[in-house]
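Before any comments, here is the structure.
Think of it as A, B, C and D in the order they're written, each chain with its own count starting at 1.
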Amino acid sequence: MLKLDSDYMEGCHPNILEKLAEINFEKNAGYGTDGYSKSAKEKILKACGLENGDVYFISGGTQANMTIISSILKPYESVVAVESGHISTHEAGAIEATGHKVSTISGVDGKMEAKNLSRFLKDFNDDENNEHTVFPKLVYISMPTEFGTIYSKRELEEIYNVCQKYNVYLMVDGARLGYGLVCDECDMDISFLANSCDIFYIGGTKVGALFGEAIVMKEKDFIPHFKTMIKQRGALLAKGWLLGLQFDVLFSDNLYFKIAENAIDKAKKLKKIFIEKGYKLYINSPTNQIFVIIENEKIKKLRENVSFSFWEKYDGKSSIVRFVTSWATKDEEIEKLEKYL
Amino acid sequence: MLKLDSDYMEGCHPNILEKLAEINFEKNAGYGTDGYSKSAKEKILKACGLENGDVYFISGGTQANMTIISSILKPYESVVAVESGHISTHEAGAIEATGHKVSTISGVDGKMEAKNLSRFLKDFNDDENNEHTVFPKLVYISMPTEFGTIYSKRELEEIYNVCQKYNVYLMVDGARLGYGLVCDECDMDISFLANSCDIFYIGGTKVGALFGEAIVMKEKDFIPHFKTMIKQRGALLAKGWLLGLQFDVLFSDNLYFKIAENAIDKAKKLKKIFIEKGYKLYINSPTNQIFVIIENEKIKKLRENVSFSFWEKYDGKSSIVRFVTSWATKDEEIEKLEKYL
Amino acid sequence: MLKLDSDYMEGCHPNILEKLAEINFEKNAGYGTDGYSKSAKEKILKACGLENGDVYFISGGTQANMTIISSILKPYESVVAVESGHISTHEAGAIEATGHKVSTISGVDGKMEAKNLSRFLKDFNDDENNEHTVFPKLVYISMPTEFGTIYSKRELEEIYNVCQKYNVYLMVDGARLGYGLVCDECDMDISFLANSCDIFYIGGTKVGALFGEAIVMKEKDFIPHFKTMIKQRGALLAKGWLLGLQFDVLFSDNLYFKIAENAIDKAKKLKKIFIEKGYKLYINSPTNQIFVIIENEKIKKLRENVSFSFWEKYDGKSSIVRFVTSWATKDEEIEKLEKYL
Amino acid sequence: MLKLDSDYMEGCHPNILEKLAEINFEKNAGYGTDGYSKSAKEKILKACGLENGDVYFISGGTQANMTIISSILKPYESVVAVESGHISTHEAGAIEATGHKVSTISGVDGKMEAKNLSRFLKDFNDDENNEHTVFPKLVYISMPTEFGTIYSKRELEEIYNVCQKYNVYLMVDGARLGYGLVCDECDMDISFLANSCDIFYIGGTKVGALFGEAIVMKEKDFIPHFKTMIKQRGALLAKGWLLGLQFDVLFSDNLYFKIAENAIDKAKKLKKIFIEKGYKLYINSPTNQIFVIIENEKIKKLRENVSFSFWEKYDGKSSIVRFVTSWATKDEEIEKLEKYL
């Protein structure tokens, strides 16, 4: 069975396994106070061009989102996201479970538009009765988005400008950040991103780590007692060094970005095949998630040999499905798929 | 200054004040265990035609909504409402603060459509990934709605049928219930309503009481330990007899419905005047809230003599504003407004 | 049946009912923006000697506690109370339901001791692992306490000094404040209290109002957007003027304190009778709650004629029960009880 | 530096690393639907003698506790633990952050006593006012406890009997379960434990895994939609197979229990040394945590060469400190410590 469901199906870059084996019986301090975490933090801050920043490591994306958001917001404040945002849809109400509304605005191809956000925030400010509503205080975007699309430098800047004008914070969900930053269409690097928002995270789980996300904040004290908040949300790993070590390897010699390129290379090949075979793309994603409209009959048949994700119904006869490549995808897999199509 | 902002501006029906004065030094048991609460409960259940039902009294609408919803839902479940629903907008995130998402669907003139709800619930059931999302388990509608519109018997039945088909509960926010049930267009009575949902409440604050809402559930044990939940949400009045007494008076000799008629009578006159004077109604509400589109200049001028509510911007030049009548509105007030227009 | 269960059994001081009747058809602005609320606020601040303070009115004690505490604390912070504190015991987990731990320390006769609090806060600060625990940030005491006891000026000052030393806030639950401040043993007035804590509330429900508590904060901006927090907790009464009016009456001509004296007078008579009849007091309360140890057999017999509260088991044969007087208790009631004993 | 701080300082059993390397480029389904998780689940259920049970894997202990507890309890229900319980102290308010009170009772050497629990539950049931308090519905104990002590079969049975008598559930925190079950004093096996509670978890993080805990419930449907609850709490690892694989290895050939023995062996040697050198043990723990009372001066000196945990102050001159062995501790470490003492 050929598997193109997602980018979390393989293990990790071999360098990480090697390092894990090497230091297996070394004794490291707990809860992120170890040397690997320290080293990883320094490398990440350097890559991000952040002198006063700070870095925390946690296990997964939903965990990162809920911990960050519930740490920043006061009880009467909400986070603003597009309707297709991960926190709006596929986190089982994790944000609301911490007491906060996700205020949604409509997006385009998974992206938030600065003018739309601006209108939303202006309307809130103009509302004579806004004391009776939640106060938007944080904006959530994903890079790349849930549809594999990316923001340009200009687009991100515009959004951050709107945020600053209305005194709200900006966070970027980078669960697939590597794939977003290395794709051909991307005109920004991690340093630009890091300086164009208040807090973001670098996804490891889907980009070469066994698991783990690195939360980066532009200013060290952006969130007071964040470690205790991480603990409270069940997200403080006793063996924090496990996470530190992985990011230390990934941020050595630019490994994180180098390996991300493979996913993009394979995704481009995949896209080309679909187009040549006459399939219609639902969205022209420049990253590693390819959304294709396929007839339901064909989907059923294809699933005999390939696993991939159902996204949503397109019309009575067809559906939108998703194929995903990763840092580890091989050319043979793409070739196999071509045959099955 | 003529005041037509809302229906919570006056006190209460004089019968209530009289009764309060009469029994002021009587000693009553606390927390709703008194005789007035018992009597009011019996009268309400009789009016509702509910043999196995139960009634609880609490102070206000948002309190009723948050207490009911957080008592019914499991942590991973959500309540479904239209985008203009009170819980979706003007309760300062009260529902989310109890940990639950308000899943919104679009409505028409403030009303939920059965077919729209059906599609939403079907989509949820069909979604292969719904384990990653919240589970809709309760539907919230308002009667009358936030725009003063009402459901017909057929519409309510259709919605309840959809709910039962998908095994979700139905609650009705009746903060202005009296005005909805007595208006000309309404084809249902309180007994029909009570038997066409799982739980609803009868608004007293806006319909003749000093304050208070009566929560009515069709089955006695619909919510286990509801009294403790009411306590936990800060909604258990020590002097529960205050609420019981008010509803006991309002449900004697049909008083609640009789006094509601006055608001409808005055609202009809108001509407007639606006139409005759060439104003455009935003929504043709049959109840006591009249939404009118007025030029901003005119609004400013009108506010020198009349207070009313800004609703939202209509276009660059005009806004939607709201005028509200109540059980206590007098003909003179309507006549005064006519002069100012 | 003679009823001495609690001080929330009667209605309100007649002046309030009169005023309610007088202005019943007056139209007042909603949500606490009316003139009565404004006037009451000014009178209260004057009585409290607070120039930069602020006042909010809400319906009940548990509601006040949960709204205040959840507004002040960050998610990782806790409130400290004695084990017998109302928030630790009889609020059905209302504080925890807002996400916060109630950290308990032992008290003496319902009172917190400064030295005990100091030790608790010092231990927290000295704990090398306190990043893994909640951070105490607010101290909760009651005046009078749940056992009817009161703090002296010196005791309150000492507690507030400890709070300030450790940079935590102090709140005082004054659900029965009137009875505490007018009793013979009390050496402080409301102004001293108001200046010896960060926030407190003046109980109306049990001291002459129909219902309602006045939350007083020493500094106007102590809690940002408190009104929205009140709304979110379901505690923002549409007819806020109902509460404002009651406190406006109670804080005219010192009425609140004058009527409180009656409860103390009756409680002293009650205590005298119990002592003369050879009963043992569980606690020598100087206010309106009298705790007596009575044999279970005798309790059963007494309950044929008198209702009062069971407090807790004392030993196998006796129990602690509570008798409560109020601003409205009459001499006849005390005389009746004497006969039944 | 010799490190005896805790049992989470080393990596994992080499078999796990080998297996991880072996299947690194295999593609596995996400969110725990993979074959390794299935296999691990079967092995664990077999070891537990549970035919209708179920197993879920998550990352850490606090995460397990908060997810289990918030899934079982209704909003008005509490979990009961001893004062030294992990959820009562060192989880940064994680349980309260999900809305639930941790009701504490006093324990002995970290253990809950059946008679104490029984009294607590009886008092709750006898309390005429218990509608105003939280309802205890779940009992939390740790095996071994936070002080390294263990329950005997009889003690566990007695506690479970009390739970069943009062219709409350029993959960066992087994973060260090392996060390508890293999120590000399233990008279139960995992099957006895699994059948003497409703839900428990097997700690991997501290007993041979890189990270991960296996939650075991006696009945498959004990918690409905538990997977969605795990997702909501941020605890659903995309690469769930990482956890499944580790437990699959640990539950092959009894590995989990075999490697646990090493920690016990080393702890016994450690204890012997302390006793021979004249140190006083704070608690005579039979497992891998050794609590010793040492003079503060000596602690300071010792810390030049050895790292270990400060527990709490003992008196003005001495403190309680903790030394911990693990599945990976070597004899050389113990010998080194002997020299430094």
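Everything below uses one rule, namely that contacts are C-beta pairs under 8 Å (C-beta built on N, C-alpha and C of every residue); 3 or more make two chains touch, one makes a residue touch a chain.
Remember, predicted model here, so these are calculated numbers, not experimental data.
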Those chains which touch chain D and also touch chain A: B, C
Farthest chain (mean CA position) relative to chain D: B
Length of the line joining the C-alpha centres of chain A and chain C, rounded to whole Å: 49
Computed distance of Cα centres, chain D from chain C, in Å: 42
Residue numbers of chain C (touch at least two other chains): 75-76, 91-93, 97-99, 131-132, 228-229, 231-232
Chain D-facing residues of chain C, complex: 75-76, 78, 89-93, 96-102, 123, 126-129, 131-134, 310, 312-313
Complex interface listing, chain A residues touching chain C: 70-71, 74-76, 98-99, 131-133, 135, 224-225, 227-229, 231-232
Chain B residues within the chain C interface of the complex: 3, 5-6, 8-12, 14, 17, 20-21, 23-30, 59-67, 91-94, 97-98, 205-206, 210-211, 228-229, 231-239, 242, 307, 328
